[in-house]
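Chain lettering (A, B and C) follows the sequence in which the chains are written, and residue indices restart at 1 in each chain.
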């Protein structure tokens, strides 16, 4: 029996090691390419012939607005993260804890709305934002507004978590004379640390990957770009010859902080995603 | 629910009323050009305004928007788009159809036509109206090769043999509607569209579904079978290149890769239906357009500025700064341009190419469909009848696309 | 359903009439000047809110909304024309439709608000008649933090969703019934209503359509969503079980390595991975160098390879998600169940099939559904990897072999400005998703039993 288990474990170790290699391979490639000294695009070898920092130096030289794009994205991510979390908590609390007419209808309508492909509405949103002066030079607040405005529909996971907090706690507090607002702020929020961190983390990570709508809103105004818009151009359009290694370097600079943050908060992420999956 | 809606409505109003009405500033002019000429263009505009004090009060901003993006942005929101923008000529009909370009004044058009080469003038003209200023005449493709790999660049067979022997790749962008006709036109086929001066397509002239077309197809199918063939036309994303069919914009990247073995030549010949045929293809041009204006003063300034930015003097300066081949006849005749290797290879090739007219947007997708089918090996073992049938489908689709 | 609606409407009208007939002069004046009755009775907060809203809405309608609403049936008639070389713009069909719809929505809101106003008056009068006092302003405000806290909480989110989600969706549905395409682009050209002709074009009624391409793309979209959801689900579960097995060390390390793909933004990782598999990319280069293959594998050029590769790369992204969830859930399964199964002589596979799997399927049902819907609309993976290519002559309208419906309609709007057909396809996507999810959703035990969890 013990021997069999040892054999089984050995097989599992083999599989895990192979998987780890596959999982890490692209990231190793990305890191190595970002230090590549030779110019050109993708190459057919992994280890550069010449190591250099020039790709990183380029990003921070005056020729490139990379720091600005980075700051733009960071601002968007922070604002979206905070505001979206607040809105989701509000919506989740109302839907989980309070009973009012139209509650079921509201939830069903939101569920159905989420099934409409969002890409179609981009041009419409663009013109709404334009009317408010939030395109081009106003791209950053415009993107924040759009991300936050519709975030109420993402209440599922958080509401599921609130549902698991016993209602008897609320009832006891009401008897003690607490208002609904006090219950939310003083009781529910402190009990919901994992789901709040999960919500904020997910909201923080999304703007780093927004390249379609963000490019619409920036509408050619380079100072309003975020990193994803600016850097996908380097790969997709022919105007940027020899930018592949710079793309890798920029990609690393984007990935490292986000990854570190994610790793630090991984525990909460697991709790959040698990809780959310159960209750949907 | 009541109060939710009440508050919601209050906010609707705040948003709707606080929204600033978009007043076009009649002194602000926006210019979109490709990233690598932004600084150059800024300097030229400063010179222009210094030389013309009457225009000194216009504030010009230059933003880097690539030519392809510029056209699609203009089509998305004309109001917010740049007043002057560079674009590739194949977008002309689409832009004109959406009324996004201001036609040149008749007198100016005559002058521009006289100063620039015939192909570029034709590319900027629809029906009897000229809609844009020719900026370059270098949007054609030819062969770059590594001298140590390819010893005989004059035939496709020689190039492939050289690349295969050295374990290098030969790059040709078979799936692009721009490169693909090199084989078909080389075999003697035609594919052009007729347009009226409103940018609408009125006719399609195509004879791909013929013996000539089948011959070109066979040559393409054979090319794809070579282990050295890789589909692509961008030097910066190519690896292990022995030879590549590409344009002048990649000259720098190619020189860097090939080093001392850098060489270029006109496109090779290829054996089609038993004869050696010279590969043909498109010659293309970059144009500078002005969007329709609602203010007379601004219109006059945009006209003058666009004319200046596309003038011979600036074209030559632009060649010296970033290597874009001029369309202006005087600039073309200058020593520096004459001595340019890549541009002379292009010049040699231009004798065999047709100036690219207007093609409907759907054509490019259709060409990619045909190209992808060939690359995927769908016709690897097809007989002549099957190839003809495929080309008939393609031809019918092209005719329907007008 | 319909009769119920009319009955409710009738009751409503009756109540409105009664309010007017029995009401005081202040109540009657409130029918015209909203909030007047409330103000007279000293309910300053309610009265001023109503009055302000009415004033604001009327101002909006007169100064802005009416101009657009009046043209909504034609979507504009004044053509853009030229005076000399100068352009004079005419009507903008796009803005007429957009702001016209906004105005309709706001008028509907005004009617609703007016009804609320009438009811408030009625309730106040009845209350006074019964000799009860009205809530003071302070109480009104305080209730927003207590009894009516839901209204405070939901006001902003509902408003945001209305303007930035519902309105645009109504707008795009309307576009499906217009001829808004490359030849009818505002501001220089007008577009107008065309009825059902776009739907006819899609399904090839009365001419050559591209229905076959639509069903081809739809078919692949469903196949993709199925594999992308269930392969990642089962493999992710397997990985979680392996890592969680007793005796496996470094559990944290394995998990951390795998979740890298969640943490790194997809536009970085997927763009790089897509390039890796190019015909002349890193993978082919290494395989050639090691002598495993003689000629490059056309990963992205061959439709079948491309589809398989996309599903495999999606595993790379998707397995870690499932692994995380399952890891959390595995702890919840009572250990005794496994213990007794072992005593009964069940092997690992049997315990998985009899205990783990049924539990997981029960608990993660909603998650699977959201995953499936997410995958139907999984834009990033397809677009960042190969933009839906390769194309083929047998596919119409620029569709590629790996295009999902969403990437296809995105290409239509960006490359061809073909908004009308994109809108039609959008409606189809919506119908497909809605049907699938409503059927599945309503049969799920964990949804039916919402209150049971609390």
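In this text, a contact is a pair of C-beta atoms (placed from the backbone, for glycine too) under 8 Å apart; a residue touches a chain by one contact, two chains touch by 3 or more.
Nothing here was measured: the structure is a model prediction, and the numbers come from that model.
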| item | value |
| --- | --- |
| Chain pair whose interface holds the most contacting C-beta pairs | A-C |
| Farthest chain relative to chain A (centres taken as mean CA coordinates) | B |
| Whole-Å separation of chain centres (CA-atom averages), chain A against chain B | 37 |
| CA centroid of chain A to CA centroid of chain C, Å | 17 |
| Per-residue overlap in chain A, given as positions that touch at least 2 other chains | 41-44, 100, 123, 127, 244 |
| For chain C, residues contacting two or more additional chains | 151-152, 154, 156, 158, 163, 275, 278, 280-281, 285 |
| Junction residues of chain B, two or more chains touched | 1, 15, 76, 237-240 |
| Sites on chain C touched by chain B in the complex | 49-50, 52-53, 56-57, 59-60, 64, 80, 82, 85-89, 102, 106, 109-110, 112-113, 116, 144, 148, 151-152, 154-156, 158-159, 162-163, 182-183, 185, 187-189, 208, 275, 278-281, 285, 294-296, 298, 301-303, 389-395, 397-398, 400, 414-417 |
| Complex interface listing, chain A residues touching chain C | 5, 8-9, 12-13, 15-16, 19-20, 22-24, 26-27, 29-30, 33, 41-46, 87, 90-91, 93-94, 98, 100, 106, 110-125, 127-128, 145-146, 148-153, 156, 163-164, 166-167, 179-181, 184, 205, 208-209, 211-212, 228, 231-232, 235, 244, 247-248, 251-252, 254-255, 258-259, 262-263, 266, 269-271, 273-280 |
| In the complex, chain B residues that touch chain A | 1, 15, 18-20, 22, 32, 34-36, 63-70, 73, 76-77, 80-82, 234-240, 249-250, 252-253, 256-257 |
| Residues of chain B that touch chain C when the two form their complex | 1-13, 15-17, 72, 75-76, 78-79, 94, 97-100, 102-103, 105, 169, 175, 200, 227, 230-232, 237-240, 292-296, 299, 361-362, 365-366, 368-373, 375-378, 390, 393-394, 397, 400 |
| Of chain A, residues touching chain B in the complex | 39-44, 100-102, 123, 126-127, 130-133, 135-136, 216, 219-222, 233, 237-244 |
